[in-house]
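As written, the chains take the letters A, B and C, and residue 1 is the first residue of each chain.
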Amino acid sequence: MSDQPSHMVEPPPPRQEEMPFAMVLGLPVTELPRDLYIPPQALEVFLEAFEGPLDLLLYLIKRQNLDILNIPIAEVTRQYMVYVELMSEMQLELAGEYLVMAAMLAEIKSRMLLPRPVEVEGDEDDPRAELVRRLQEYERYKQAAEDIDTLPRVGRDTFTFVIDTPDKQSERPQPHVELRDVLLALTEVLHRTEMFAHHQVQREPLSIRERMTQVLARLNPDSFTSFTSLFSVEEGRRGVVVTFMAILELMKQSMIEMIQAEPFGPIHVKAVGAVSEEA
Amino acid sequence: MSEMAAQQLKNIVEAALLAAGEPLNIERLFTLFEEEQRPEKKAMVTAIEALQADCEGRGIELRELASGYRYQARSEVSRWVSRLWEERAPRYSRALLETLALVAYRQPITRAEIEDIRGVAVSSSIMKTLLERGWVRIIGHRDVPGRPALYASTREFLDYFNLKTLDELPTLGELKDLDKFNAELDLRFPGEGVVEGEEAGGIALTISADVEPLHYD
Amino acid sequence: MSEMAAQQLKNIVEAALLAAGEPLNIERLFTLFEEEQRPEKKAMVTAIEALQADCEGRGIELRELASGYRYQARSEVSRWVSRLWEERAPRYSRALLETLALVAYRQPITRAEIEDIRGVAVSSSIMKTLLERGWVRIIGHRDVPGRPALYASTREFLDYFNLKTLDELPTLGELKDLDKFNAELDLRFPGEGVVEGEEAGGIALTISADVEPLHYD
């Protein structure tokens, strides 16, 4: 075939009885299909370009301007087999799907040959129906793939930007905590220590705790503070009681010292520890 | 601090969109501001629209895509901008594009369903490439034997192809009924656009001049 | 093709500088154009100067650096732009929250006492974190061997949790009840938005005789 003219012309008649080029449907093929003259290297690329049997069939149909809804099965089958034989001839990796399709085509062809019962003619399913459905289904996604390929895309039709930010300020964010989480953590501890088992009545525990902290914060470890100055009359009786209880608690816990030089003399209070710079 | 001046807001949004390196949506833009400084949504939208208007007649545009707003080069200048880089933009095989199209249009879809429609096996490397590029992801498994993975497209897919929603994908061709064949003998395929010789397949370029190209019309 | 219009040149240069991801010098910018289209150096400089002028009053600037021209975010907006890359806030460990709760409820308290109640050692990093966060401070030292530091909660702690006084924290008894009705937590805890004095007062009223005490030892 190397001496063939380079355009699509009638191929010269075979000069001798050569080995069949391929066996198609049991018949020897000794020439390339008339409408297919392709240099071997290009032919290989060409054949590999089919995305499967449906793609090949679509090609055969479209090339001859046939309507997908009225496929001349016998002719298309013949052409299909030529290509399949070509592919195996060129030792292309021939997916099994091509042979499955060949069988399907042969089956459709044989069903088309059978006479249809007259009475059900109108309702009789066209043996090609399933093939046509599949071809159309594939065709629309093949087209969709081509359409997607033409969409403007990054790196080809458009480019994205990243400018520099010279003075990035990185501030490490602080974790957020819900009060609920703190309280749940506490209940966990309490469960572990079985503190819930105790039952004592105490009305203002936290205000005493808080006041202990406040009193402690006002005391100086280096000098004495007047006991009475720790109380604020404006707070009323409740406030005075809370402060008093806080002071007693602080004494009990060895956090403060109290000194009274003589009976009924002024009382002085001092923190026992070295107070941190924050206090 | 009281509400920010419109110009300052616009400046911040412009710089952030250019510096981010990925599309930013409005919610993300709001996170640039401390609670008490946070602009009204209306002010933010106004700023973005003003920035979009500023791009009129320039080589860049501010587009809204699936995952947010992105500054990008207009296609009118891409011919020159692309010369910044040695390599050309990658071409994708038909097998990959067809698989991608099936995921995009028919999601969620299993690999078996893709193979069924395409009529050939889908290679693992194609699914891997699509997953790695972040265009496709597994969103679940079908409750049938083997529990095959269900694939869907991602926002990155839309971003990459310059789309805001799946609705913006080209319309899918219609299926014609075999019964109606006799009524309409239109030889054209529904949804079949005019395909340029060059675009129809890379293959056309690689075979010699006397070869019939692979496009059908 | 004849020489390019000034506006088109400016558009191409702007898009290229934004897309390059690195500074571009004039020589590099020239390579974007085919020989016959290549602008005059003067035209190129004019385009760059015009682009620089366009940045006046905006959040970005076009700077000339050693290796070329580069768009960058202005320092005036970097405070906001930087938040694009802000790390997600880490979470505090349960151990830290337990320690915080114990300081709040049992202050002033030493580390040994916290460890005693929790049954495990309290790491130095937890105390350090709480001190740095400003929720806990050392208010003194107990007069026992080693003179251990006494920890207490701070004003900032109360502010953060939207409390006026420690009194607004539920008592241990209430916690026990709440523990039983975990689902109602949101409704009952003070410091969660809606709540002000009213809710807190409500809780004080619910203290009943069998309420858990804050017994000290």
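Note that in this section contacts are C-beta pairs under 8 Å (C-beta built on N, C-alpha and C of every residue); 3 or more make two chains touch, one makes a residue touch a chain.
The structure displayed is predicted, hence computed values, not measured ones.
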Farthest CA centroid from chain C: chain B
Central chain (distance from its CA mean to the mean of all protein CA atoms) | A
Starting from the mean Cα coordinates of chain A and chain B, work out the distance between those two points in Å.
-> 15
When centres are defined as mean Cα positions, the distance from chain B to chain C in whole Å is 35
Which whole number of Å gives the spacing of the CA centres of chain A and chain C?
-> 28
Set of chain A residues in contact with two or more other chains | 159-165
Taking each residue of chain B in turn, which ones touch at least two of the other chains?
-> 15, 18-20, 60, 71, 73-74, 81
Which residues, counting only chain B, touch chain C once they are in their complex?
-> 7, 10-16, 18-20, 24, 31-33, 57-60, 71, 73-74, 76-77, 80-81, 83-84
Counting only contacts in the complex, chain B reaches chain A at residues 15, 18-21, 60, 70-75, 78, 81-82, 89-90, 92, 94-95, 97-98, 100-102, 104-105, 117-121, 159-163, 169-170, 172-176, 178, 181, 185, 187, 189-193, 195, 199-201, 203, 206-208, 210-212, 214, 216-217
Chain C touches which residues of chain A in the complex?
-> 159-190, 192-193, 195-196, 198-210, 212-213, 216-217, 219, 221, 249, 252-255, 257, 271-276, 278-279
Where on chain A is chain B touching in the complex?
-> 6-8, 35-39, 42, 45-46, 49, 51-55, 58-59, 62-63, 65, 67-70, 95, 97, 101, 126, 128-129, 132-134, 136-165
